[in-house]
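Structures incoming, each one as structure tokens.
One chain, subunit A, links the two complexes that follow: it is found with subunit B in the first and with subunit C in the second.
Our next item is the complex of A and B:
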């Protein structure tokens, strides 16, 4: 991490709790995070470790209980709808489950048109809009002519997730928050989607927060890694450093849990 | 959308309910085009004329007479005048008058009537007989006069110049008129009610008004419930707390008692059909609000809503486009239930005398109320209340059927 690189997004002491009294659960517990420009950061942890909650706080979809989020060095202000919309021009997300990510009553065109409108293209001529949508679709190897007037649920899960990437292609946000984008996809489509995602990242130079439970995937895509257990970061650093020489037992367990073809599973750690 | 509609019409329950309901609707729409009477026009002088075909006596006298030789005509005439009950009563009198029981045969009409005319004396007092019973025998005696005669009847008219009766015509026992040739006949399929109004016409008009009340009440209740449920569920926080406080208040207060109190305090003069509909609507939105709220809460954290937020849509846009379509089927089912319960609530209120004021329009509840006040159920005048009951039952039954049918379509787990 060289010092010339700008800190894009940073979180200071983020805590998010749900419920009161006995039912109180701490989903995210006093988390600090610095995100440098152009970096790919992975947040790795098992289910229920608070990854998704943290991502929603970073996106501004839910409010944190305490702590602050700084965007480009300034404390984030999303108190009004207009400020939120301004913030969401800079940070976008891909969600885990493509099947529930789309409004089943809206056609695919309207999903993509929303993105063009958001980038200020509302009054462009129709031909220009179609050209932009076709370009976005061909970027993820989809044919816009085949998708137009279709509903999202008519596509396969992999196609839906690629459409999500096309959406990001149109929006060109500064930060992309990918919340387990491949966990509901079969293994063959997974590599394609990851490649398209990395291709997009290379083209636009955007910063990516990659949330996953698969530490192998994190190693494959990311520059630095945060390991999250029960709402806390237990280990962080460069991807090579954390994964090749893990210090925390939880990290070691995660690495051990990655299925390997050539050797038997060590079930003693489970 | 087209697919959903096809699915809906594949459900047998929905189709049955829909056909019953549209049959009722069609009758309500087309009946007034053929029968132009005002539904509240008073036709009959008297109460509760039984259902049947009414033929004008005066017109039938002046119609062409056709002679028909029907063998059982006399027997039928006697049977109509002298029922089985009357025969037993005659026997009772004769026994009391001292004739041995073995000599009386109630099946032999000629002999029985001969014994009756020989022995009956209206002045004779029989011990233990009430005045009412004596009057009954006097009436019976009058009606039996000339029962077995084969002579016709003479029609006479007063001559306005001489003021004397003059024979105009004679009517023989074998004379018949063709109903089609009589100038004035009227079919009262369901008879008349306590005011002498044609029940069928009144029932059709009442069904229309009751359906209107149900629709207005259902729409108001659903609109209020939907709006409050959406606001409480989506926005949450303090607004949710306030709305749920009010909703819980309304849940705890028994709605029907509230309805009675409001109707009572409005006063008879102010209570039109529309007012009643609004009052019913304003008291029955609670369950819709609660149900919509819980549905919205489960929807508002879904990814497609988050995506819509990230696409920069406003709250109004999200509620209308990302929440409402997902609960639309549920709201339609709630609306159908609200309409049918609105019709029932109106009937309930009107039976208690708290329905719309009586001078303008009939409603199903008001017809029940009138039938009850004039004791149709005690007098055995079934045509005054039974058709109304059947109509109410059919409307609510068809709507509930449609509702379960829709439920099966929208909730695949319930399909059989």
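Our next item is the complex of A and C:
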């Protein structure tokens, strides 16, 4: 056995199709995944490979066409709104475009205040709430005083994504699903965001599903890696194993095609 | 001596916003690109890379305004030239620019061959559609693009093919200098590699003489260009041969940028990324002293007093910092030592 650790979340035979007949797309095709407690797992694939569709199924935002999701060993039941809310206490997400996931008319304090309320802090005294929000912001090197009364669109993409991490800090879910959290952010702020994400994970012991098209990022952050091509997992294993000794031709291509700085980057393969 | 294809001296330009505020996006930039050479421009978003690219073509229209400086392209001094004249005699022929996200700006109702006809007819009057088609076909084939693409609409092409098509169209008039602004940032790795290969091919086959390549992805720059220029808040902060810029950066900002490189290569997991805290200054009101002072680990009181000029290092590169080279290197060595422990 790989580990004594508990399996937190597992997906068995997940398939998700869109459309019918000639229009049919199999976005996720019979995928199995086991997520162990405290692990950082990356799912890597090119655009259109089905990563976001799979994340939405795992989050319970869309229904799978077939297959089951198990949470802490029990088949997940999100058939009612109340059960969904209960499930979302355990699993939360950060998306690629931080601006799209938020009501832009909500001020930043209310984004954070909602998190405190969701965790049962609705009746805490105001000072306590401010203290919590200040702590969450300073965790990601943002200043709460400078954010109050601002709207999300007044922040840069990088600051907004850090605010999303502050949100997770307050929500303290058991599992965080991060879907391309840095793909719209420049290389410099990317390092800051990854570091803050990994710091949060270290502090909370949270389990992380990290979704990316960039195999370098996956290598940097994860314990294990799943490679996704056209809706299927074609290779998986430890990050070192998959990335330093890839077996599947698709994995090899993803690695070969990323620009290198230590080894030669061979342009003759395309 | 090598022929200088592009020379810019002390160029400053600004945006004037709707509220009549000035944004000083390019501040006294000087650079030189010689025939057969390529220059990379790095820096985080908002530091003025795209504005510099626009500015050095001499093609100004509101809200962008020319302030000072000279631009010489292939021996022609174009500073102060009227936009119309620049358009007629410079753009596309002497210097061509592929803007960020150009491939998504293609008119969806026109075929690729129609774009090509527009470009050629703007510059040549007596040419038949048949001639244009033959020329386009030849260019595409030389560049390894299928000629069928010419009869397609933009939506029928994949992202990578669209981008390579845009690049091919941009060199139709055989410009001396090509500026590519983030040409591959939105693409998957394999398409990105094809774009890079094509840019290199353009240089090698002599379609263009010199290239300026803009991206915040340093591993890409490293693999494409001869020299890297790092910009911060509208200014050049360092300019060095690619290898030194990536493996031995001197300016604290370049040092920070290079420390954020992530590649899937052995050893990466052992290095600690060096994130740069804070955000760049607002260019409406740039700080008096060093523009990077606010975020610099090595800041001294003198840094904030007056503006800092570029200086030459022992190996000939230039950097903009009041701290002498030897002291910077010592400071970096101490940091590394701290991280090792």
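Definition applied: the second predicted complex is superposed on the first by the 257 of 270 C-alpha atoms of A that agree within 3 Å, B and C clash if a C-alpha of one lies under 4 Å from a C-alpha of the other, contacts with A are read in each partner's own complex, and residues count from 1 in each chain.
The rule is short, and it goes like this: contacts are C-beta pairs under 8 Å (C-beta built on N, C-alpha and C of every residue); 3 or more make two chains touch, one makes a residue touch a chain.
Owing to the predicted nature of the structure, the values given are computational and were not obtained by experimental measurement.
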| item | value |
| --- | --- |
| Fit-or-clash call for subunit B and subunit C when the two complexes are aligned on subunit A | fit |
| Touching partner for A:192 - first (subunit B), second (subunit C), both, neither | second |
| Which superposed partner A:100 touches (first subunit B, second subunit C, both, neither) | first |
| Chain touching more of subunit A, residue-wise (subunit B, subunit C) | C |
| Touching partner for A:120 - first (subunit B), second (subunit C), both, neither | neither |
| Touching partner for A:205 - first (subunit B), second (subunit C), both, neither | neither |
| Angle at the Cα centre of subunit A, taken between the Cα centres of subunit B and subunit C once the superposition is applied, in steps of 10 degrees | 80 |
| Touched partner set for A:88, first subunit B, second subunit C, both or neither | first |
| After fitting on chain A: smallest Cα gap, subunit B-subunit C, Å | 13 |
| Set of subunit A residues, in rising order, touched by both subunit B and subunit C | none |
| Partner subunit C, residues of subunit A touching it in the complex | 46-47, 141, 156, 158-159, 186-192, 194-195, 213-220, 239-240, 243-244, 253-255, 257-263, 265, 267, 269-270 |
| Subunit A-facing residues of subunit B, complex | 302-304, 306-315, 321-322, 325-326 |
| Parts of subunit A lying in touch with subunit B, wherever the complex brings them together | 56, 59, 61, 81, 84-85, 88-89, 92-93, 95-97, 100-106, 111, 114-115, 117-118 |
| Subunit C residues touching subunit A - in the complex, by the definition given at the top | 44-46, 188-190, 192-194, 196-197, 200, 216-220, 222-223, 246, 256-257, 259-269, 273-277, 279 |
